[in-house]
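This is the structure I want to talk about, given as structure tokens.
Order of writing sets the chain letters: A, B, C, D, E and F. Residues in each chain are counted from 1.
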Amino acid sequence: MRLLVANANTTEAITELCAAAARGAAGPGTEIIPATPRFGPAVIATRAEDAIAAHGLLSLLAEHAGQVDGVLLAVSLDTALEAARQLMPCPVVGMTEAACLAACLLGGRFGLVTMGSVEPYRERIARHGLAPRLAALRGIALTPQDAVRDPQAVASQMDAAIAEVVAEGADAVVLGGAALAGMGPRLQRQAAVPLLDGIACGVKLLEMLVTLRLPRSSTGSYAPPQRRGTLGLDPALAALLRGG
Amino acid sequence: MRLLVANANTTEAITELCAAAARGAAGPGTEIIPATPRFGPAVIATRAEDAIAAHGLLSLLAEHAGQVDGVLLAVSLDTALEAARQLMPCPVVGMTEAACLAACLLGGRFGLVTMGSVEPYRERIARHGLAPRLAALRGIALTPQDAVRDPQAVASQMDAAIAEVVAEGADAVVLGGAALAGMGPRLQRQAAVPLLDGIACGVKLLEMLVTLRLPRSSTGSYAPPQRRGTLGLDPALAALLRGG
Amino acid sequence: MRLLVANANTTEAITELCAAAARGAAGPGTEIIPATPRFGPAVIATRAEDAIAAHGLLSLLAEHAGQVDGVLLAVSLDTALEAARQLMPCPVVGMTEAACLAACLLGGRFGLVTMGSVEPYRERIARHGLAPRLAALRGIALTPQDAVRDPQAVASQMDAAIAEVVAEGADAVVLGGAALAGMGPRLQRQAAVPLLDGIACGVKLLEMLVTLRLPRSSTGSYAPPQRRGTLGLDPALAALLRGG
Amino acid sequence: MRLLVANANTTEAITELCAAAARGAAGPGTEIIPATPRFGPAVIATRAEDAIAAHGLLSLLAEHAGQVDGVLLAVSLDTALEAARQLMPCPVVGMTEAACLAACLLGGRFGLVTMGSVEPYRERIARHGLAPRLAALRGIALTPQDAVRDPQAVASQMDAAIAEVVAEGADAVVLGGAALAGMGPRLQRQAAVPLLDGIACGVKLLEMLVTLRLPRSSTGSYAPPQRRGTLGLDPALAALLRGG
Amino acid sequence: MRLLVANANTTEAITELCAAAARGAAGPGTEIIPATPRFGPAVIATRAEDAIAAHGLLSLLAEHAGQVDGVLLAVSLDTALEAARQLMPCPVVGMTEAACLAACLLGGRFGLVTMGSVEPYRERIARHGLAPRLAALRGIALTPQDAVRDPQAVASQMDAAIAEVVAEGADAVVLGGAALAGMGPRLQRQAAVPLLDGIACGVKLLEMLVTLRLPRSSTGSYAPPQRRGTLGLDPALAALLRGG
Amino acid sequence: MRLLVANANTTEAITELCAAAARGAAGPGTEIIPATPRFGPAVIATRAEDAIAAHGLLSLLAEHAGQVDGVLLAVSLDTALEAARQLMPCPVVGMTEAACLAACLLGGRFGLVTMGSVEPYRERIARHGLAPRLAALRGIALTPQDAVRDPQAVASQMDAAIAEVVAEGADAVVLGGAALAGMGPRLQRQAAVPLLDGIACGVKLLEMLVTLRLPRSSTGSYAPPQRRGTLGLDPALAALLRGG
């Protein structure tokens, strides 16, 4: 099967990082197809960037509609997840969504650690309906750039953050943010509970959904768009909204 | 004060309808400035359209940043509300958000009636944290186009929908969707509880916020963006994300 | 329009303080009419006082029924709010309710700081259905009397309390208690997020509601009382309950 | 032990009805002391009456402070329950609170049936923190007066209402309102699940609390009032607020 | 009346401890019948032990069906409570359930202190639907064996844990675990709020339920089992499942 | 990999049915090992049976500990799931848990249809923390035996039940109960949204978890049991509880 690993920011290097992680998790018959939007935020770290990125991401997805068997949103806020799920003719999974659902299979409540503000993650998890499963969130005051410059400093702050959410009741911890993905094995060695990487979980959940061959909804708010008019959008995206 | 009434779809006629309603509600010193995005969905009725519209809407807002005292999002799903609130240097209010908060001031629980699927509204109200105040939602199986063609049919189905949510405990009812705005007075005559129009409520709440002259947050996820890089966005939007 | 600013305790000085704050927030055509109950607690700081105060407050309101366009309950626990809303022929708003709803328009979650126990505020916010929007509460171990004697000590403890609720995720902070109202500007200078004063917010929300000219409910638990018999109540209050 | 059965309305006949039910449930050593407020609503059927009744009820309780071992609030909205619990030196239980807690001991979720609007009951149950245990509420469109005039009609509507809440998942049903108390045995014969009468449950829960001889809180919002000043209240109530 | 005090582990000494506490709380006409399962965990401290213990406990209960008037589950996780309630022809109460419900009668929110992990208690309280009433939980890092060896150390850690949950808003504190039962009076002397022992509360709630003589449900998921086939179960348990 | 498909009742035919479904969903390298408890309920349809079955099921699992790579609980109430997850040295998934999590990947809210009472499913979903994602449940008044005798009647009632939960907002529907598994393809043809079979979903989720090679928790309530004593349990189960 062919899985699109769609970054939502315009930084190719992050796309490559995620694609490599996806290939590491993919099963034998799974091909990973990386993709990067042509416009939008360079990195998504704020509410405004998350909202703006949706357009570029959905335009990118539309170009691959019909040519891939599943889509992994390689962006830690699960940007435009619900829209992509409605729009695309194949399964779509968000990386943080994937890690949170996998965490639910491992214990009672889970935690999430990230860099920067935790509030958008709290809201994302609430939108996923998983607030009752969330034990605690922690955001360290370092940036993805710091992670490149001084991975040791980031790792030790992350170790501490993970220990804190475990102390607050987390039986598993989601790593929030692509920048943390590479650190997973290193962080896991210090952690008392399993750590979850959204890219790996997302690839496996997509393999599940593709294999199950479920039909799309033909009713309700996830039914495919039909006869929706647009102005000034990319042809592929406009065509998907027009349906037919 | 100058209030931007920003449509999120590209249909000028809807912008004009909302602007007229806004002028009807505005206080003596309030100037209403209508605005329509240059690209995006013609009408927002699905999840996909809602997500795509954010970019055009935020680009539009960015062009007015610093030139208006407040922004009313004239779109019933409160498209990109949180992003706009973070991005803009002035207060931002969504029309359904406004109507729901006003409804909270009138009784215990409120209802919402609209055309089409109610699930996106249920989710929006949950994101506003107001699920505990929501008594019931009803979506009639007619479209805004029907409302133009046969307003009488729409009105009588709406009367019935309103009566149903009142029977389920609503002390006030939010009219969801710009297409219903014009019908407000007519529907009110048949209704046992007050009906709330988001445009009118939004204008008044913005007048309140502008008058209170509150500072912006300088911390947390609503602090203004700073030094955020972008690719291929409109100059005004890119500048707001760059901050400074 | 004429707005009644109704204190719920019997201390005239607090009524005057609130009325002054209300005048500061009122629009050009708004007249502020202060009122103080003739019996009840001198100050409302406990559950028992809150419950007892309802009678004196509602008696006071009843005397003004038909002569004012709106009522602001100038008491930080929103004493008897639901009862007053049902009873009076005009809009009624509580000061903490007002500040909380305004806070919802400024960010994600809000905090509340006060003097004394926070539990009654937590319950009030839950009754307003806003628990999902509440980040944290803090009560400093000082009294309103301390605020008069040593405002500097209260201010610095409040600064710390505000910083704590911001660190727990509050994008805006409600000042709980009339005694804090005067301190607003001073506290704001040290705060990283907007602070909300219930009197100012309440006046503006009432101006909104009065302007919207919404009808009362004619059904449900907020419909006006009719033919309710009483024993030993003030004539004005008894008359309102009798209705007709 | 001596248990005060305190009505919150001024109708002696209802007090007597409740006292009789309480005597029927009381254990061998329990003395039932009926009491009726000297002022307030004749019957409590609306939000306004509920709030007003608190004063008369708490004044009544204060007169018995120190002379009774427990207090049952014989009013179906549990009027002023939290205030009474803080104020009195002995345990206080509300009749609907009692029935709901007893219902929790009998199955999963419970229902409530009453006459008139169910919204105040829904809110009361939410304030008790028991919303997750509530399956459904039903209010029949008859009044307590109808129950006197045509008990057969009320009984058959109640049978239907009970069957409906059972169909919605109730494993036990709370009878809301003193007027229904007398009908309990008759309704039980038609019901598929146990029906709960608040007076009987309240007496038994008070016997439990009195026997357990638990200390009062000396901290928090239920600690006894101390040095609270008042104006124009009954001497006994003023004394309790003064504490000492 | 005859009340079965059923331990869920196989340690007779704990059964005796609980029976003694039950006798201390029982009213004049109440006989306490202690019982211990013949197989299962020696002590229940983990999720696995809790699940395994259900079988032995229900087998034990089945042997007493028809011969007792009520059953108290003397196990702090309320092991198999819902199953026992469905199965037995008499009222069944869990000890932590009992203490939590009693705590609800004493204030706003309650806390729970125990030895070991608090997560299973958090989940139990959520299953009881009482999460909204829970202020905080604390588990000290000592075992019931430590409580025997060095009761003083346990008591002082418990004092601290109780003080912490009170500081987080608890108006009453549930003692979680049979091992703490004996320490109740000693801990109460240091505590600012009432402490609740599940055995005492459970005995009194059972006395209430037995006295109320409520019928069983004849419908829904708590109706008695009928014609359920089994393999290899004790005859008494198999007979109860067969019903008839 | 080797996956144990563990029935929780003693009916071999159901084990075989589930194993066949599991084989249909399993990937190339996955071996399905069916297993049936040696004692317990013949079918699990009530709360009592669910609790009793835990012992036999966990005894069965213990016999396979160390010899399988994952365990699927082939029982629709996810019997003893949390205990099995703590106890076993490999991943454990429940069939309804699996279907619910898969449903979360397909839309907003999901529904569940089953035979008999829906309340135990409602509670199970709440324990999974997924109540916010649940749109509606329906239980038809037929038994698994009816499904064998008259599959057509069951199918048409199921079609209606599915249509109802879709009308209440479900974007996907979980088939609750092994008896429905075989009907999946037939029901899907009539359904407007995807239907989810727990066996298929569970197999794929286990394949994911086994592939991810996550460590077990070494702390918290899901850490493996250590030095837990038992009486009269099967040697394999006793050994797992003893740990080591």
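Just so it is clear, a residue touches a chain if its C-beta (ideal position, glycine included) is under 8 Å from a C-beta of that chain, and two chains touch if they have at least 3 such contacts.
For each chain, UniProt lists the protein as follows: A, B, C, D, E, F = Hydantoin racemase.
None of these values were measured; they are calculated from a predicted model.
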Common contacts of subunit D (Hydantoin racemase) and subunit F (Hydantoin racemase), by label, are B, E
E-F, A-E or D-F checked against C-D; over half of contact pairs coincide for E-F
Top of the farthest list for subunit F (Hydantoin racemase), CA-centroid basis, is C
Per the C-alpha means, the centres of subunit B (Hydantoin racemase) and subunit D (Hydantoin racemase) lie apart by a whole-Å value of 43
Per the C-alpha centroid definition, the whole-Å distance linking subunit A (Hydantoin racemase) and subunit B (Hydantoin racemase) comes out as 28
So subunit E (Hydantoin racemase) residues touching two or more other chains come to 82, 85, 108-109, 119, 123, 126, 132, 169, 171, 220-222
Contact graph of the chains (line, ring, star, complete, other): other
Pairwise touch list, complete, is A-B, A-C, A-E, A-F, B-C, B-D, B-F, C-D, C-E, D-E, D-F, E-F
Contacts from subunit B (Hydantoin racemase) onto subunit D (Hydantoin racemase) in the complex sit at residues 108-109, 132, 169, 171
Per the touch rule, the subunit E (Hydantoin racemase) residues reaching subunit A (Hydantoin racemase) in their complex are 118-119, 122-123, 126
Within their complex, subunit C (Hydantoin racemase) touches subunit B (Hydantoin racemase) through residues 25, 27, 82, 85, 91, 93, 97, 101-102, 104-109, 128-133, 166, 169-172, 188, 192-194, 196, 200-201, 204-205, 207-209, 211-212, 214-222
Subunit D (Hydantoin racemase) contacts subunit C (Hydantoin racemase) in the complex at 10, 38-43, 45-52, 54-56, 58, 80, 82-87, 117, 119-120, 123, 126-127, 220-222, 225, 228-233, 237, 240-241
